[in-house]
Amino acid sequence: MIAVIKPGTTDEQMEPLISWLEKQELRVHISKGEYQTVIGLIGDTSKVDLEMIQSLDIVESATRVSEPYKACSRTFHPEDTVIQVGENGPKIGGGHFAIIAGPCSVETPEQISYVAQRVKDGGAHLLRGGAFKPRTSPYDFQGHGQKGIEMLLTAKAATGLPIVTELMDIRNIPLFEDVDVIQIGARNTQNYDLLKEVGKMNKPVLLKRGLAGTLKELLMSAEYIMANGNENVILCERGIRTYESTYTRNTLDLSAVPVLKKLSHLPVIVDPSHATGHSDLVSSMALAAVAAGADGLMIEVHNDPKHAWSDGPQSITPDVFDDIASKIRKIREVIKGC
Amino acid sequence: MIAVIKPGTTDEQMEPLISWLEKQELRVHISKGEYQTVIGLIGDTSKVDLEMIQSLDIVESATRVSEPYKACSRTFHPEDTVIQVGENGPKIGGGHFAIIAGPCSVETPEQISYVAQRVKDGGAHLLRGGAFKPRTSPYDFQGHGQKGIEMLLTAKAATGLPIVTELMDIRNIPLFEDVDVIQIGARNTQNYDLLKEVGKMNKPVLLKRGLAGTLKELLMSAEYIMANGNENVILCERGIRTYESTYTRNTLDLSAVPVLKKLSHLPVIVDPSHATGHSDLVSSMALAAVAAGADGLMIEVHNDPKHAWSDGPQSITPDVFDDIASKIRKIREVIKGC
Amino acid sequence: MIAVIKPGTTDEQMEPLISWLEKQELRVHISKGEYQTVIGLIGDTSKVDLEMIQSLDIVESATRVSEPYKACSRTFHPEDTVIQVGENGPKIGGGHFAIIAGPCSVETPEQISYVAQRVKDGGAHLLRGGAFKPRTSPYDFQGHGQKGIEMLLTAKAATGLPIVTELMDIRNIPLFEDVDVIQIGARNTQNYDLLKEVGKMNKPVLLKRGLAGTLKELLMSAEYIMANGNENVILCERGIRTYESTYTRNTLDLSAVPVLKKLSHLPVIVDPSHATGHSDLVSSMALAAVAAGADGLMIEVHNDPKHAWSDGPQSITPDVFDDIASKIRKIREVIKGC
Amino acid sequence: MIAVIKPGTTDEQMEPLISWLEKQELRVHISKGEYQTVIGLIGDTSKVDLEMIQSLDIVESATRVSEPYKACSRTFHPEDTVIQVGENGPKIGGGHFAIIAGPCSVETPEQISYVAQRVKDGGAHLLRGGAFKPRTSPYDFQGHGQKGIEMLLTAKAATGLPIVTELMDIRNIPLFEDVDVIQIGARNTQNYDLLKEVGKMNKPVLLKRGLAGTLKELLMSAEYIMANGNENVILCERGIRTYESTYTRNTLDLSAVPVLKKLSHLPVIVDPSHATGHSDLVSSMALAAVAAGADGLMIEVHNDPKHAWSDGPQSITPDVFDDIASKIRKIREVIKGC
């Protein structure tokens, strides 16, 4: 941690700060410049409150030099984390690429089973489908809840695809016992009580970046889960909110992929469907995500997008999915060969 | 609702859509242009799924003409809502102005009692203080929880000030029985399960705008609370996330005040402390908010900001609070006289 | 300047950097921590290239501790700058408040003369009006050009109000000889060749913040003008581009007022018309700007907003202007008395 | 164009608007709903002022249904534009892919000639290099100007690579006679007088998206150039300003590629260097851009990035360029085969 002292501060005025810092078992280095004095703190500064230092009269600014996350940091864990879904299921990360596909909402047993079979045939590794849906309007379809999970489990039994579905309410955790991967949605990325609870579960968590979340916030939210014991976190870029919302719902931030992989050992996947909000943009953004180095994709596929109960405009058909999946494999080969 | 049909669409291609819409008990008006055909829907379109219409092959774009919120809309409720806190407590809205003041976190019984007395003397109408704190890092102070609420209640008993504190976890609702106003923080503005539950409580809810929330999303979240039975919602502008974060933590969006008051009958207050993140900006932004027509303010006041356990840099001292509060009264008089 | 050295860097690896820095007549302080080493540079670092330092293999990050602007910095010029318009015209800054009012575009001699008289009667100190208009579409009205300036000069002769109008093209500078204040619009805030030229003129420049400009960029653009010799720069906040563009054209960033006044000695004014884009929001935002401490306002007033050739929706009538101007005076009295 | 009439408006109140519109040779369709009346205009509405309609008392909102650009619109020009650089130079667009590479600034004759030869050997089709540099600070290196162009021409003569360099000031146009492609930088995307002038030149223009420009604004700026006679415009995505600026300089908006290609027939290229600001992100973002369907790339390459006079941190070495260029070719083959 570095603190820049205000011009004109005397040694006497600095003394109480210095001695307090030294009591925290930190070594203190003082650099006196012509115009400014800078204090550097050496040792474990994670318990020193940056804001407290910043609020001192004699301090002009203070900055933390090291990042505030640890469990998810690549510095302390240089190897890629490989996440194993279920006992014999797919792996994600460390060279293992996974495609998660399925409808936005689970609608009917026929719909989810049909889509599950089609995406499996197309090359998907996991099945997605919303049972509990976060909708902006209280008057919109809120998902089938428990029945939706049952429909997903039936589709899983038929196809063998492990399932991913969103958890919004701590009280519903018992319903997720047979779910393979817990999804935390963009509106709950900073619902810390929820993060703490999934941190106590022993199954992978797919953590979406917040609607306008920074990469650091995403990593800190992963840290909440990991600090509670669950190290199986998959990070998901799903587009961020910007001023450009005429032609795309969000702005897909693909540079998040190499940045997150540089900062953290956790796998990073991309959701081109929510990011763009338009089915005709899904293919190009899916391929771009693969070329950017993503460890997986989450794609919304619906048997009949025009009649989807939610997010129809961004859903692709199983036929289009087949096409995208085969292109993904080709790009993956180029990337791996690179 | 208005749907713009793609160029080249024939009457035969439009026919299924038209007849389906008419079955929904909507009147359909068709305007044929040289280049484009536009369909207007008249009647109760709230149950027509905009996304479904948008996803149709023959539709180029579709727009909802009326707003999707009702309970909070001024159209259906032209009079300002006046919120009564407790039985004999302060009123907010409809010409009643309320100042909510207190520390970011409840730290000790002495601290909260001292600040409570000071802000009461300065002219505050309600006491704020965080017992459960949403912190970006799992390693930061998370609040005293239940003990914090007890300290707030002691301060309330001593000063008579009703209390406002944040609820983050549905499981903690029983602890909030004697809290006067429930605060929903910016990270939980779209935690819909939480909104539904506070919608069942019969005490006012102070709902903060999301970190990067739109005004429409804020109103839709208020709608979640109101649709569940609780009509006592106070909207709170607290700064939004923008590219400008060097000199202020967030960008205070004061135009939100007149816009929200135009769209909704609910009272609108402003939190200049979280918006700016700097104590030396609180005074000017508090006065600006009053001049903009806000129904109240929420201001962080700490006895010793340099040693605050959280948000010290944005907290003002009781002395500064006294000064701001007296200026607020003067601006209020000018505004009312206007 | 502070440079954080990468972990594992040896003294030998640092040596060439250290000796090079010392050759630049800088004193170098090295703080070695357990995990990181930090180099502090003392002396005149304004000629050290931050990017070059950042690009070195052994450097993890580098930060400039002091701001990169000088002429406009309050550090080196603690007193407020007071700008004198013309010989006997109004003053702006240092306690002098100025209202600039008039139509978006100069349309006809009758229109500009009528509006000029009305805003003068209402209390305006300067007349605005666009002769050269930056329009997003090449097919929209681009302004009357030279004839527009002539119409402004006629209105100035009739009313005595000094005039403010926008310069977009260096080739047009000769036409601006009798203009009192040169306006640089938001789209040209970083048109550096234009800034250099107005830096050679000896009349005040009203510099608008860029469409999505940072405060630092605004100050650096002022620095371009001042470094070329013209110290009479008025900074203008006019709303920034954010994700919230449904209910307001831009987001008025009123905290820019106290921040700019803290960083710089230059006067700061606010344009609530362009910021909001809606005439019914102009009054509340104008008053809020005054309460925030602005040194002036720029308000679009049109005799007949419904038939304005540009920006009609955000223009107010002379009657509304009279009302706002009288409220402004009252708020000013409260602020000054504060 | 569609205008929504305010509730409660009588036929008598609407009559003047209707008759005025009909005089503009527009057909008017009126749809009366229970709550709202909607007016649709059919015919050539490009001359009807949207803002004027919006400002009418009886109008709640008005929207243009068709896009305001024409020359660059794919609707009126379904075939991809193929831009021919020079007489025998490379083509861009319509299946032709071009790599533009070179240093941020032209520094010395040796530097530009060396880099030119290296990027040519690596597979670049055009050479870039800044002679006139837009720098945020007036104290930073502003480019060699005319001498820089001469150095570029020497490198062109030696390698045969056509050159791309930025024009900022209309007065410098004569110096650009032998430049092959004129670059308009992000800070000048809405410098309309400059756009009009390059619209009169008969050489290709590489038009960068504004710092925080919308896609529609980019297309409208292209329209300025094309409306003045020059149809050879290359659009360039270079990252946009968002709240996320800790780990990347800008946020690369790759969905802009398929969106722009859907809306317009002009070629679209991507600049991953300015977008990310970090050399270690250039490779992944370059490949992602190719996978997204870009028609070309603009990449900063420097012989010695650590000592670059500008933008060193985002420049890659010639060796890294060779590697990226070979990967680009492989991805291109997959994409073309798709």
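Here are some notes:
As written, the chains take the letters A, B, C and D, and residue 1 is the first residue of each chain.
Going forward, contacts are C-beta pairs under 8 Å (C-beta built on N, C-alpha and C of every residue); 3 or more make two chains touch, one makes a residue touch a chain.
Just so it is clear, the structure is predicted and the values come from calculations on it, not from any experiment.
Touching subunit A and subunit D together: B, C. Sharing over half of its contact pairs with A-B by residue number, the repeated interface among C-D, A-C or A-D is C-D. One inter-chain figure worth recording: subunit B and subunit D are separated by 39 Å, centre to centre, where each centre is the mean of the chain's CA atoms. We define each chain's centre as the mean of its Cα atoms; on that basis subunit B and subunit C are separated by 31 Å.
Look at where the CA atoms of subunit C average out and do the same for subunit D: the two points lie 26 Å apart.
Subunit B has residues 212, 241-243 in contact with two or more other chains. Those residues of subunit D whose C-beta lies close enough to touch subunit B in the complex are 2, 4, 27, 29, 31-36, 38, 40-43, 61, 63, 65-66, 212, 241-243, 245. The part of subunit A that touches subunit D in the complex is made up of residues 212, 214-216, 240, 242-244, 246-248, 251-255, 257-259, 262-263, 275-276, 280-281, 284-285, 287-293, 327, 330-331, 334-335, 337-338.
By the touch criterion given at the top, residues 46, 49, 51-52, 54-57, 68-69, 134-139, 168-171, 187-188, 190-193, 196, 210-212, 217, 220, 223-224, 227-228, 241, 305-313 of subunit A touch subunit B in their complex.
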